[in-house]
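Chain naming follows the written order as A, B, C and D, and within any one chain the residues start at number 1.
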Amino acid sequence: MDALLHITTLHYLVLGAALFLLGVIGVLTRRNVVIVLMSIELILNAVNLNLVAFSRYWQGMPGHLGGPGALHGQVFAIFVITDAAAEAAVGLGILIAFFRNKETVNVDEVNLLKW
Amino acid sequence: MTDPTSLSPPSLETHVEAHEKTFLDANELVINMGPQHPATHGVLRVILRLDGEKVMGLECVIGYLHRGVEKIAEHRTYTMFNPYVDRMDYVAAVSNGLGYCETVEKLLNVEAPPRAQYVRVILTELNRMASHQLWLGTHALDIGAITPLFYTFRDREEILKIFEKYCGARLTTHAFRIGGLQYETYEGFEKEVKAFIKFVRPKIDEYEELLTTNRIWLERTKGVGVISGKDAIALGVTGPVLRASGVKWDIRKALPYANYKNFDFDIPTGQNGDTYDRYIVRMAEFRQSLRIIEQAVDNIPEGPIMAKVPKVIKPPVGEVYHSIEAPKGELGYFIVSDGSTQPYRIRVRPPSFVNLQALDVMCRGQLVADVIAVIGTLDIVLGEVDR
Amino acid sequence: MNPVATPFFFYLLAGTMIIGGILVITRKNAVHSALALITTLLAQAALYLMLYAPFVAGVQIILYAGGIMVLFLFVIMLISIERAAKERQFNKQWLVGIVAAAALGGLFITIYTTTTKGKELFPEGRMTYGESQNTQQIAALLFDRGAGQYMFAFEIASLLLLVAIIGAVVMAKKRI
Amino acid sequence: MHELIDYIQSYLDPRVTTTPGAAGNIFWATVYILLVFGGLSVAVIAMNWLERKILAHMQVRLGPMRVGPHGLLQPIADAIKLLLKEDIIPAEADAFIFWIAPFMVVLAAFTVFVVVPFGPTHAITDMNIGILFMLGVSSLSVLGIVMAGWASNSHYPLIGALRSSAQMVSYEVAMGLAVLSVILLTSLQGSGLGLYGIGATNPQAYGTLSMIGIVQAQQEQGVWFIFKFFPLGLVGFFIFAIAMVAETNRAPFDLPEAESELTAGFHTEYSGFRWSLFFLAEYSAMIAVSSIAVTLWLGGWLRPFPNALSGPTWDLVFSLIPGISFLLLAAMCFYNVARMPKHPLFKIQTMGLAGFGAVLGLIGLVMFIPAVRDRVNDVFWFAAKVAGFMYLYIWYRGTFPRYRFDQLMKVGWKILLPMGLALLILTAAMGMRTELWAQFQEVVHGL
């Protein structure tokens, strides 16, 4: 019970893993491209959660291991968010072009390299 | 020059088909603006075909206010029909009455006495100002400036007070009779009109102060709803809309009626034929109207107010067309008489109706917001469009 | 500022995130999915606050919830989703997908259980450091002349964004 | 119970220098939340009445006059009407999203007040990321608007929502650039020190994102940021002042709800209570962005003329102004009581106005008590500056026509954005001018 009530890094990691799995399921099973893209966002967020949790973990370590300035995980999370923005912009741009030509948003109908 | 026949709007069937598709992949979003819409000045229905916000074409659906005025005329005597014309362009009822009375007078071959002519000119020009004030308020409101509306209504009230004192009605005045005036002017009429001129001069500057040099107003009106003089003539557009396109055509000068030839005034014209020029032209017309009223008030002659007109009007067999310069353009009446007490047929040429035809030409390629501005600048009154 | 009632808020937010995540991948209507994803992202921003990462939390709200998700909603509105909502929602290999994900989950669980062997994984150190300088510290890591290690990466990220902007415009524009 | 008393005592101690949230004082934080949100609701109600009256007087009419003296009770009557109206959900609408969208907008508009600093200690909390939090949370209201437009399942709301989201997202960029220039300014310490401590003796001289920190930076540098680096601060302020009007969808940028084109934009299909939530959110968002502008450029809670009119005497004079202004309002009320028609039908109205004046006067008198005076002074100046912005909002609405959508985008992307970028670069260069000058001289010497 104490292990459940005392929130440690591990708790965040488990949460991150769960979100990651949800994202993977979404990417692998859904047909709607928009929802597939959203599932990718879920995966990226799961990773971010891990990064920030580890950053917190290293901040609590003694100086030679990490110390208060160990914010590399957070900086990484910011880079991941930047990437997510770029990915969403390009992904949705592709989606619009795709929809304009094929009038569908289903990922399994994207079966031509050129149209 | 644009061939008017090539300007016909797309048929309704294409709209229905277009409605099925989404608007990203094609040029079709069909929007019904009106008949219940805050910016269509009544019950005008405009079917807009949009590409995003760009207007690909539009179609006006009219008739929601049709009352069969022209048909009613066939069952009324000439005198009885006189009040009906006030209900067409209800914001410029005096002009409508003037046009009708003059047409019947032309048919009877009588002329109103000079005193009646002068009073007619004063009231008509006052009415032109009232109509323009209403136009300015609503037009600015459509473009988003809410304040001018209240300023113009405040000043229009003064005109309506003069009307009310003269003939007892404010809107549908029924001010004139065939052959002259029914009422002699009331005590202090000239003084009140003069006081009104003094009162309203600075007010016009006040309207201009709010709008003429306002950057947003310029951006919203310059280059919007452009129509060339040639197109305007081809479509039969008249009034300030035509003059703003650079055509110097005003029936008061071109085919003088009443006694307009006795007055000294200019015809303001624009160059670009855009919404801003139409605004400027109408603002200038305010001042010209004031000039005419001033001259008329100073020179009102004494004398009778009615010509010799029989009690029962029975014009000779024949037909006549007469037109006047109403605030919105050329208002013409075509009357066919079969010699009885009732007209055989009356056809009205309403300026709003004809001007509205230009809407499609003026709006193509513009944005939705411009349609609002252009409807406003055409200054249509649906009572006149639908009759 | 110390977080209060940590376990309560952690489980509340974690539950919100998991439920939101499940809704994202199960809803028929993409707008509902987006709404669920927004909830998940906001809960995650709150979790960042609990992890003493206020700047990342702020970036999460302003970029993810306020930027990326608006983009998503915008696109969902541009494409008609009524038809997509009526169609089959899962593709033909959905079973394979779930099995693969389950295998991945099994892998996670195996690693967690076999490597700890009763020990506490990642023992929590003592935090002597509050949030008050967090933004400034991140700025130092990103920009500072002496201690900034990520200056180059930051510039590369900006280049990436530029490429993404151009790419998105090229993709989405009808006529260039 | 004992702890509770301790909490209260610990906060009432004049030596307390942090906000309740930063001090971890949950009790006082809760009290502040209730106070701020109560005050906000009252402000929205007052704003509703004031907007009608001021706009009416700009337009040569009287505005509400029937409900209560000079229509003072009109907003309450309206609120009752809106609450009693039927709550219509269109048959084809997406009921859940239609239902939840107004709450999202209101939540976003209200949450930002968590970090608004009404005084050095008068804020619910002082976040390290204060301004970022405000911009982020206020941008969440776009989501609610987009959802409201989409869920209504009708053309006009959809176009209104698309316009609104495009508009808010694009003006956020210009807004963010203007805010960034202020954050650069906060890193300056006194005169002669460079940005980010580059030329400074103290290498840790970083800027701050904290709302309280920004005002304190202005206090330390002895200048409001609107006057800093003379034209630059002003330009930044103007960019923000324009962008904030667009951000709150008010005239002349009120395209999403352009009455003459889109009837009522994204809330066309809403009625009653849910519509009033949008209304509430719009006004509280106006107050929120105004308080950002006040905090960033106009010195937040600082009184005007701190340098020219300094010294204890002037301090005393300025601390009397809150009480005096309330007394003036009371005097206005009594003047109008005297002008009320002497007719039995107006008896209740006259008494009501007199009572209102008496309440205002009483508040004014209470504000002269030294203990109260020192505590409300900050809040008063902050509120007065925000009220100035609120008046501007009404003035814009009475004066300007509406922009067209493409013109709006042009202003946002082609004018404000380049200006913001140039401003940011110039501000940074001005902040580092000594350093830059030294480097320039080095280069010249090398040649």
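Rule of thumb we're sticking to: a contact is a pair of C-beta atoms (placed from the backbone, for glycine too) under 8 Å apart; a residue touches a chain by one contact, two chains touch by 3 or more.
In this text, all values refer to a predicted model and were calculated from it rather than measured experimentally.
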Ask   = Nearest chain to the global Cα centroid?
value = D
Ask   = Measuring centre to centre, with centres taken as mean CA positions, what chain is farthest from chain A?
value = B
Remark   = Cα centre of chain B to Cα centre of chain D, whole Å, reads 47
Message = Rounded to a whole Å, what is the gap between the Cα centroids of chain A and chain C?
response = 5
Query = Approximately how many whole Å separate the CA-defined centres of chain A and chain B?
reply = 64
Remark   = Whole-Å distance, C-alpha centre of chain C to that of chain D, is 31
Ask   = In chain D, which residues are in touch with two or more of the other chains?
value = none
Message = Among all residues of chain C, which ones touch two or more of the remaining chains?
response = 55, 59, 67, 76, 78-79, 134
Multi-partner residues of chain B (at least 2 other chains) = 24
Key: In the complex with chain A, residue positions of chain C that touch it   = 6-7, 10, 14, 17-18, 21-22, 24-25, 27, 30, 33-34, 37, 40-41, 44, 47-48, 51-53, 55-56, 59-60, 63-64, 67-68, 71-72, 75-76, 78-79, 81, 84, 87-94, 96-98, 100-101, 104-105, 108, 112, 120-129, 134, 137-138, 141-142, 149-150, 153, 157, 160-161, 163-165, 167-172, 174
Note = In the complex, chain A touches chain C at residues 4-15, 17-19, 21-32, 34-35, 37-39, 41-42, 45, 48-49, 52-53, 55-57, 59-62, 68-69, 71-72, 74-75, 77-79, 81-90, 92-97, 99-100, 104-108
Ask   = In the complex formed with chain C, which residues of chain D make contact?
value = 21-22, 24, 26, 94, 96-97, 100, 125, 127-129, 132-133, 135-137, 139-140, 142-143, 146-147, 149-151, 158, 161-162, 165-166, 169, 172, 196, 198, 204, 206-209
Task = Over in the complex, which chain D residues touch chain B? Could you list them?
result = 55, 58-61, 155, 159, 251-252, 254-255, 258-261, 263, 397-407
Chain B - residues contacting chain D, complex = 29, 31, 37-39, 53, 140-147, 149-151, 154, 210-211, 214, 216-217, 219-220, 367-370, 372
